[in-house]
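What follows is a set of structures for review.
Presented sequentially are two complexes of chain A, the first with chain B as partner and the second with chain C.
Our next item is the complex of A and B:
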C-alpha cells in the first residue's frame, strides 16, 4: 500500500497527464460527473474535483461506449462506394475515482461487446482504458450493489488501481500490472504506509464487503432479485407492469444513465456524396425501437417495453450469460426517474406478487 | 490494422451484376464481391446486412443457394433503404456484411421428405434451401413446394418455380393465389385451405415454412393438427434489426436474439418463446 498526500494529487495527475487523458469526478453547480482533468485546471470554469460524492449522475460507460460514436466514413463516386473505419486517436483514457459498481458494470458490458463476434470499436477503447477505483467504506441511501454480490470496498483485481480516501491521503494498491507500473513509474509522489493504517483500512474494507445483505439497515438490501428469476412466468404475466406503465413517461432517462444498458441504433449522416455512419444509445422504452414495416410492433404497449427493460436485466441476461444479473445496484435509476420507477420497486413488487 | 479490418460492423464491398423486376414492388439483385465471386460463404437460411449510405443498412435473406457463385437478394420496396436499393443500376456498388443468423439444418434433413411452404416474399429464404437440396438431389427424399401469393403477378422467380423446379426428379410444385385471374390454372384460396386439400402425410417429413407472421401462425397450427411433430416444423422470424450480431439489443424474444439465435426456429422452440416479447 502506498500513500499519496491529497495536496499532491494535482501534481500527480499533471504528471500522468503526459501519458493519459484523465477523467475524474468533478462537481459543478452541485452536480458531480466525470470530466476532463484538464478542464479543472481552468479557473473560470468553476469545476472542483470531487472525491467524496459516491455516485456521479452519469455513469462512466460513455468512455467505453460513447453516447454517439461515428465509426465509419463513406464516400460515393458515381457507382463507386468506399468505406473506411475511423481510427481511434489520442491518448489512453484513465478514469480516476470510479466506484466499484461502475467498475463491475464494465464486466457486464464486456460480456456483450467482447463475446464473438468481438465489437472492435468497444474493444479498442476498453484496451486503452485504465481505471482507478475509489473504494467505498459506506453506502448511500440509494446504493444496493451488494445485492448483486459486488464488493463496494473493491476487490483485488478488475481495476488497475484501487485507493482508500482516508484523512489527508489516498492509499493505493495495484489491481493489475499496468497499475503496478504506474505506482513504480511515479514513485516520487508516493510514500510508504504505516502497517497499523494499512491493517485498519483492510479490516474495515473486509468487514464492509462481507456485510451480509439482510443485516444492512438499507431497506433496498432486503430485496431478492432471484425471486423474479425463479418466478419469471408468474411475474411476466402479473399486473404490476400495467400499473408501472401508467406512470412511465417513456423518457428513457433510466436507460441512458444506467451503466449496464447497451442498446444502440445505427444511422448515417451525410453531406452530399460522402458522410459518416454512427451508432448512438437507444432505449428499449421507445416505441419505435422494435417497430417494423407496416406498423407491426412486438412490444407495442408501454407495459411490454417496461417489462422488457427489467426482464432483460434480471431474467434474459442471466439466462444468456451464465446467471450474471445485468444490474450493479448503483441506484441511478432510483434517483433520476421523474415518476420514481426503479428497479428496487420492481423487485419489491415482484416479491409481493409472489408472497400474495 | 488487421484487428480493425475485422470489425463486424464494417461492410465489405459488392457490385450489382444483374437486376430483375419480379413484381410491382419486388426486384431480385444478383451481387458479387468487387473482386468476383460470392462476397462470403454462408448456409441456407442465413442473412446479410446490405448497406447503402446515406440511406443506411437493412437485413435481407440470401435467396440464392450457397452452391452458386454469386448471391441473390429479393427485395421489396417498403422504406428508406429499400427504395434506394430499388434505384440502383447494374454496376453500382453496395456495402454488405454477414452472414448472420442460424441456417436451416440441411444436414439433418438428409433422407427426409421435405415440404416447403412459402407465402409472398417469404419464399426468399426457402429458395436458398430448395436450390441447395435440388442440387444435391440424391441426399433427400420427395420434395413438395407449396407457394402462395396474392395474385399470379406477385410470384418472385416465377419461371424457376413453374419451369425448373417441377422438372426435377420427385419434385412437385403446388401454386395458389388469393385471387385468381381467368388464365390461372392453379388453386385459388389461402395457403392453409390449400394445405387442407393437399393433405400431406407427416411421416418422415420435415416442413419448412416462411411468410407473413399471420400465415406462419395458421400454417404451423394446421401442420400440428395434421400430425407434424413441432420439432419437425421449421420457420423463420422477422424482427427489426440493426447490428445483426446480438449486441444492439433490438431483436430479442426472451433471452434469444433473432439475429443470432434465429431467424430459423422450430415450432417446438417457438412454443416456448413467442409469448415472451
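Our next item is the complex of A and C:
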C-alpha cells in the first residue's frame, strides 16, 4: 500500500496527464459528475474536484459507450461512394475515483460488447481505459450494491488501481500490471504506509464488505434480486406493471443514468453528397424503440416497456449470461426517477405477488 | 400537511363512492424527501394518499394519458397545477365533464438537491397563485404568503439579461451541453401535449427534425424550439426543471420568453380563456420586433 498526500494530488494528476486523459468527479453548481481534469484547472469555470461525494449523477459508462459516437464518414464522388472509418485518436482515458458499483458495471458491459461478435467501437475504448476505484467504507441511503454481491470497499482485481480516501491521504494498491506500473513510474509522489494504518483500513474494508448478508434492516435489501428469475411467469403476468406504468413518464432518465443499460440506435446525418453514421443511446422506455418499419410494435404499451427494463436486468440477462444479474445497486434510479420508480420497488411489488 | 392529507383522503373516498373510476393524488416515496403520484381505484388504498413537503409533481399532465381517456377522474391540483389544467381545457385537450377537481391551497413546498440540501422549491418562490381560487372545493389554509413579488420572480432572468451577448451565449452553452436528451422535461410537461413531437420523433430518438447525436447544435435546437413552442402556454409550473437529472435551468429560458411577452406584447403570461390568442397565433401590425433591424427596441 502506498500513500499519496491529498495536497500532492493535483501535482500527481498533472504529471500523469502527459500519458492519460483524466476524468474525475467534479462539483459543478449543485451536482457532482465526471469531468475532464483539464477543465478543473481553468479559473472561472467554478469546477472543484470532489472525492467525497459517493456517486456521480451520470454513470461513467459514457467513457466506454458514449452518448453518441460518430464512427463512419461517407462521401459521394460522382458514381463512387467512399467510406472512411473514424479513428479513435488521443490519449488513453484514466477514470479516477469511480466507485466499485460502477467498476462492476463495466464487467456487465464487457459481457454485452466483448463477446462474439465483438463490438469494435466498444473494444477500442475499453482497451484504452484505465480505472482507479475509490473504495467505499460507507454507504449513501440510496446504495444497495451488496444486494448484488458487489463489495463496496472493492475487491482486489477489476480496476487498475484502488484507493482508500482516509484523513489527509489517498492509500493506493494496484489491481493490475498497468496499475503497478503507474505506482512505480510515478513513485516520487508516493510514500510508504505505516503497517497499523494499512491493517486498520483493510480491517474496515473487510468488515464493510462482509456486512452484507448481516444487514437485514436496510429497507432496500429486503427482497432477493433472484425473485423475478425464480417466478418469472407469475410476475410477468401480474398487474404490478400497470400500476407502475400509470406513473411512468417514459423518459430516458433511468436508462441513461443507469450504468448497466446499454441499448443503442444507429443513425446517419447526411447532407446532399456526404454524411456520417453514428450510434447513440436509446431507451426501451421510448415508444418507438421496438417500432417496426411496417408500423407494428411488439411493446405498444407503457407497462410492457417498463416490464422489459426490469426483466432484462433480472431475467433475460441472467438467462443469457450464466446467471449474472444486470444491476449493480448503485441506486441512481432511486434518486433520479421523477416519479420514484426503481428496481427495489419492483422487487418489493414482485415479492408481494409471490406472497399473495 | 396533515390537514390537506386528511381532506384528500376524505374527498377521495367520497369520490370513489359516488362513481369516480380513479383518483389521482400523491403518496409518500421511498425516502422522506420523495413523493410520488398515486392512482387510486380501490377504497382500501385510500390511506396511502399523502401530501407531504415534496409533493411537487404536477398531476395535470396525467390527464393526457390515453389509458385515462373516457374515465371518470378525480384529481387534486395545487395552484400551479391548476393553471396548467386550465390551459389543457383551453386547448381542448381534456374534457372537463369527466373530471372532478379538488384544489389544494398550497403552503409552498421543498426541493432537495443532489447533495441532499433542501430549500424552498424555486417554483414556489416564483409562484403568485398558490391557491386555485376559482375552484369550488379548496383544501388547506387559504391564507398563503406569496414568497416573491411578480417582478422579483424575474430576478434570475434580469441577471442574465444584464450580461453581454457572448457571456450569455457562454452561459447557455455551458448549461445546455450537459443535456443528455432524456426528454424527461418534455414528457413531464403538461403542456407539451403533442402525441408526436415534431422536434424529436415519436418519443425520442428519431432523425426527423433534429439529430439524436450529442452535438451542442442539436441540444440547442431542442431547447430553443421547445421554448418557443411553449411561449404563451407555459404556466411556470416548474416541472421540467424539477425532473431534469442534470439540473439545466429550463425555467430561466421559459421565464425570459414570458417576461418578453408581458413587456413587449402586453399579453397576459398565459391566456385565461380561449378568446385570447397566444403570442404565436396573434398578429398585430404594430407588433414590436426587437430582433430585427428597424424593429421596436426591447422594452
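We adopt the following convention: the second predicted complex is superposed on the first by the 351 of 356 C-alpha atoms of A that agree within 3 Å, B and C clash if a C-alpha of one lies under 4 Å from a C-alpha of the other, contacts with A are read in each partner's own complex, and residues count from 1 in each chain.
Methods note: contacts are C-beta pairs under 8 Å (C-beta built on N, C-alpha and C of every residue); 3 or more make two chains touch, one makes a residue touch a chain.
Quantities reported herein were computed from a predicted structural model and do not represent experimental measurements.
Enquirer: Put chain B and chain C onto chain A via the superposition and say whether they clash or fit.
Expert: Pair status: fit.
Enquirer: Taking the superposition on A as described, I'd like to know which of chain B and chain C A:304 touches: first, second, both or neither.
Expert: In the superposed model, A:304 contacts chain B only, not chain C.
Enquirer: A:291 in the overlay: touching chain B, chain C, both, or neither? Say first, second, both or neither.
Expert: Touch partners of A:291: chain B and chain C.
Enquirer: A:253 in the overlay: touching chain B, chain C, both, or neither? Say first, second, both or neither.
Expert: second
Enquirer: So, does A:43 touch the first partner chain B, the second partner chain C, both, or neither?
Expert: neither
Enquirer: Which partner does A:66 contact after superposing on A: first (chain B), second (chain C), both, neither?
Expert: Second partner only, chain C.
Enquirer: Once the two complexes are overlaid, how big is the angle at chain A between chain B and chain C (Cα centres, nearest 10°)?
Expert: 90
Enquirer: Between chain B (first) and chain C (second), which, if any, makes contact with A:53: first, second, both or neither?
Expert: second
Enquirer: Have a look at where A:278 lands relative to chain B and chain C in the superposition and call it first, second, both or neither.
Expert: second
Enquirer: Return first, second, both or neither, reflecting whether A:265 touches chain B, chain C, both chains, or no partner chain.
Expert: Both partners.
Enquirer: How far apart, in whole Å, are the nearest Cα atoms of chain B and chain C in the superposition?
Expert: It comes out at 10 Å between the closest C-alpha atoms.
Enquirer: Which chain A residues are contacted by chain C in one complex and by chain B in the other?
Expert: Touching chain B in the first complex and chain C in the second, residues 265, 267-269, 282, 289, 291 of chain A appear in both lists.
Enquirer: Would you tell me which residues of chain A are touching chain C in their complex?
Expert: 29-33, 53, 57-58, 66-68, 70, 141-142, 219, 243, 246-247, 249-253, 256-257, 265, 267-269, 278, 280-283, 285-289, 291, 334-336, 338-340, 342, 344-345
Enquirer: Can you check the complex and tell me which residues of chain B touch chain A?
Expert: 3-11, 13, 51, 53-57, 78-79, 89, 91-95, 213, 238-240, 242-243, 245-255, 275-277
Enquirer: Looking at the complex, which residues from chain C come into contact with chain A?
Expert: 29-31, 34-37, 39, 57, 62, 65, 67, 113-115, 117, 180-184, 187-188, 201-207, 211-215, 242-243, 245-247
Enquirer: Contact residues on chain A for chain B in the complex?
Expert: Per the touch definition, chain A meets chain B at residues 71-72, 74, 76, 79-83, 85, 87, 112-113, 115, 117-121, 123-124, 236, 262-270, 275, 277, 279, 282, 284, 289-294, 296, 298-299, 304, 308, 312, 315-317, 319-320.
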